[in-house]
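Think of it as A, B and C in the order they're written, each chain with its own count starting at 1.
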């Protein structure tokens, strides 16, 4: 039984603009895939810790030392829109 | 119906490390835009974060200063949300296992001390800076946004209190005392006006005597301690009047408007609160062993509260002690003055009074002046010996601060040394009495206010250098 | 001329030392091969002819001075286009990075450059490494040189096809769920995924951070071991990088399998696997036994759930890793009246449907109310898989299985059904979840002349024994020869 998903909400969280047809198609596909993925729920995992890193290590740090930064011109040359040393984007709907 | 405010405060502290949290770009707020950026803090494809060990030491230091427990193992998480100043569109932060947890800060308001519990202090990274450009200059009619990523990735410590605060004044005191502690640690210059420390308040109210919390409102954009108090106070009253008129409080974020003195509702960001936290796969867990924690604890300076008590024991009154403890420069001067032999209360008064006033007038840090602890001692001694009137002493202090030399040197050079030697004064008094027999007779007869007349004449005759109290005493003795 | 392009790295290095050829000649041979084959194979997105020849010339000067940097000096290698190369367009086969020129080299790229390797160009892949056929590329599919109507596998299909076609002597790919091993199997190559953490991910465009690894696609096991050793080793730019020394890949090549215990994973050796593949697999297992290995049949039941766990973990991590592609700082931007609109339109246009599918899936699996049941549970299942593998390795030295469930399938055969495409990875996914090393060795051809691969898996940091067994299998297997490509001279 495919799982039902609020695809419009998920697409909004992911910032991907989808048409109604696309949403319907993805909703159906995701339902099928999630149904399969939900098999994980059949395994008993009480008391089993989750794995975030395959290697059991801790504390990979760097020293507090300044290293060279990128050249601004090179960085901004790849920007879709830049002016006066700044990246430029359209306004946000609600500003901080 | 009596309402009780229930307030929690969230603080963000920018750490003054040399390099950023996850990359080697310099932390430099004066730099030209986008000149301290690299693949990591710009969120370029393929970039990976590597944590700054010093930042971990410093957050541990902060946690210890607030009596927190340090998690033996803590974990970075990704906090996912889209915003143009957030290069990866997620922030590396901490979720359920922060570095520090369960601490407190004791805060005094109107002589009453309360313990405000601290839930956690966790490590995260700052965002870039947005400049909203618009034709009317008002934020809500921006036509474009300019982005500078120099600040992106600067280490940030977030400190979250429990909702233990019960008034706007207490909120302010908590914020100020917290700031003092952080500044004393040397991990951040913690300047509210500059944004290196930032405060948000969570405000709710409930009927007095009840337990359940009311709906809380987040208040942002308080850029001074005074506006923090005003904003919290306003919000408490706003919520009271809403409830009184039968309305309900909406859980939302409100923006403090200092000019209008009100909080405005920010358009609610739909869905933005689902941050989909998950453990950061690019970073290993942080392990702070007992040894490491103890080594960091050994670097903690004396905390302000303990210092205040010590200064009181040295002779300063409570208020002066607090002011001295809150300023590194004044504290140093106070301690060296006392060590040099100055009486504690006198040194404290000079430092918190005239010296502080000078600092404000000249817009200079006391540390930049030429004043030493020995100077304070000498000044105090001269006043005690009556070689300087209190007016003259203030003038002398000014010259000392300006770097002209020690108090004795300066007082002599400016001819401010007071004559308190009784022989010289008696001579002057007798001279004046002899020249003003009629007035002296009236003084002896009971016109007591003529004392001032004679003191004034003696002052004139001595070029203003006589000690007026000593003069007065001698005149009285002549009355018989 | 084409002869040179068919050499292994070891043979080519020997030829260079002996003065039998120059690096320029090697490089030109490979470039000529590309000219002949690219119209039909389309292994490459970018060929850097000038850069390659300049590097080759520099190598030749060093070799003439008898100062080669190492074995790789002067050898033409291809790089998957999800590796950042300074000054050379890098697209991850996506429209969202069309024309993007990186300002830095990834660590592995830098190491190979410093070793004197000659970079031929950037190869095609499934967009953002998501796929098993390279059909998800925004720039058109790559075709399998063994049969141009079939897929080369994915997501490192371009790298595999280039080596198989002769337009590179070796290549680097990346493997998150099998993306090096499966294309290697489908194209008759050796494909190696090292232990997670042994090869730096700095500069690899991230798909699933806890699963991704860079590794070599080569014509021989020895080549694989050498290229692995050249790229492995701690990197301070990668916090997940293993801090200790990388285990040797070459030490026990040719040492045989006498006395080694080889585990056959029951769950991965029959169900859902093509008959021909099973037959080739069993035949190879028999050869190992005859060569002195002890064969142990093992059951690892958790592997049956590995695919499900993977399709929660990988999309979840990728949904966050791909959030940075938003039209703000680089890449495609589609205009919008607000920044949110701009981002949403940019991503909708810039990402292909498989990428969107996975981002949506991952976002959902992490979202409020669903985290525990999906992502959280998948990470716990992952622990079970690791524990099961650990118990298995108490009984055996290596585990074996087929690499891919079937030989190369036809283009378009699986594009309508995402799940059937995902099933390509059932044998390869478990070692991504566990972080263990695994590699594919070609062991035969199907009746229709398509390569079949055999997978060797070893415990974490078990590269030495893994390469040892792989080299034995190579020696025991018939040489499958080279694909016969009908090429059009351009």
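Everything below uses one rule, namely that contacts are C-beta pairs under 8 Å (C-beta built on N, C-alpha and C of every residue); 3 or more make two chains touch, one makes a residue touch a chain.
Since the structure is predicted, the reported quantities are computational estimates derived from the model, not experimental observations.
Taking the mean of each chain's C-alpha atoms, the chain whose centre lies closest to the overall C-alpha mean is A. If you compare A-B with A-C, the chain pair joined by more contacting C-beta pairs is A-C. The geometric centre of chain B is 57 Å away from that of chain C, both derived from CA atoms. Centres computed as Cα averages put chain A at a distance of 40 Å from chain B.
With centres defined as mean CA coordinates, chain C is found 23 Å away from chain A.
The residues of chain A that reach two or more other chains are 13, 15, 50, 52-53, 57, 60, 62, 70, 75, 87, 89-93, listed in rising order. Annotation for chain B: residues touching 2 or more other chains are 39, 42, 50-51, 82, 84, 89, 145, 147, 149, 274, 276, 281, 283-284. Multi-chain contact residues of chain C (touching two or more other chains): 100, 103-104, 210, 236, 239-240, 319, 323, 326, 328-330, 339-340, 343, 363, 367.
The residues of chain C lying in touch with chain B in their complex are 83-84, 90, 92, 97, 100, 102-104, 106, 201-206, 208-210, 236-240, 316-317, 319-320, 323-326, 328-330, 339-340, 343, 363, 366-368, 371, 375.
Contact residues on chain A toward chain C in their complex (touch as defined above): 5, 7, 10-11, 13-18, 26, 29-30, 32-34, 36-43, 45, 48-55, 57, 60, 62, 70-71, 74-75, 77-81, 87, 89-93. Chain B makes touch with chain C in their complex at residues 39, 42-51, 78, 80, 82, 84, 87-90, 145, 147, 149, 274, 276-278, 281-284.
Touching chain A in their complex are the following residues of chain B: 17-19, 23-26, 32-39, 42, 50-56, 73, 75, 82-84, 89, 130-132, 134, 139-140, 142-149, 266-267, 269-271, 274, 276, 279-281, 283-287. If you check the complex, the residues on chain C that touch chain A are 100-101, 103-104, 196-197, 210, 236, 239-243, 302, 305, 307-309, 311-312, 319, 323, 326-333, 335-345, 347-348, 351, 356-357, 359-361, 363-365, 367, 373-374, 376-384, 386, 418-419, 422, 433-436, 460.
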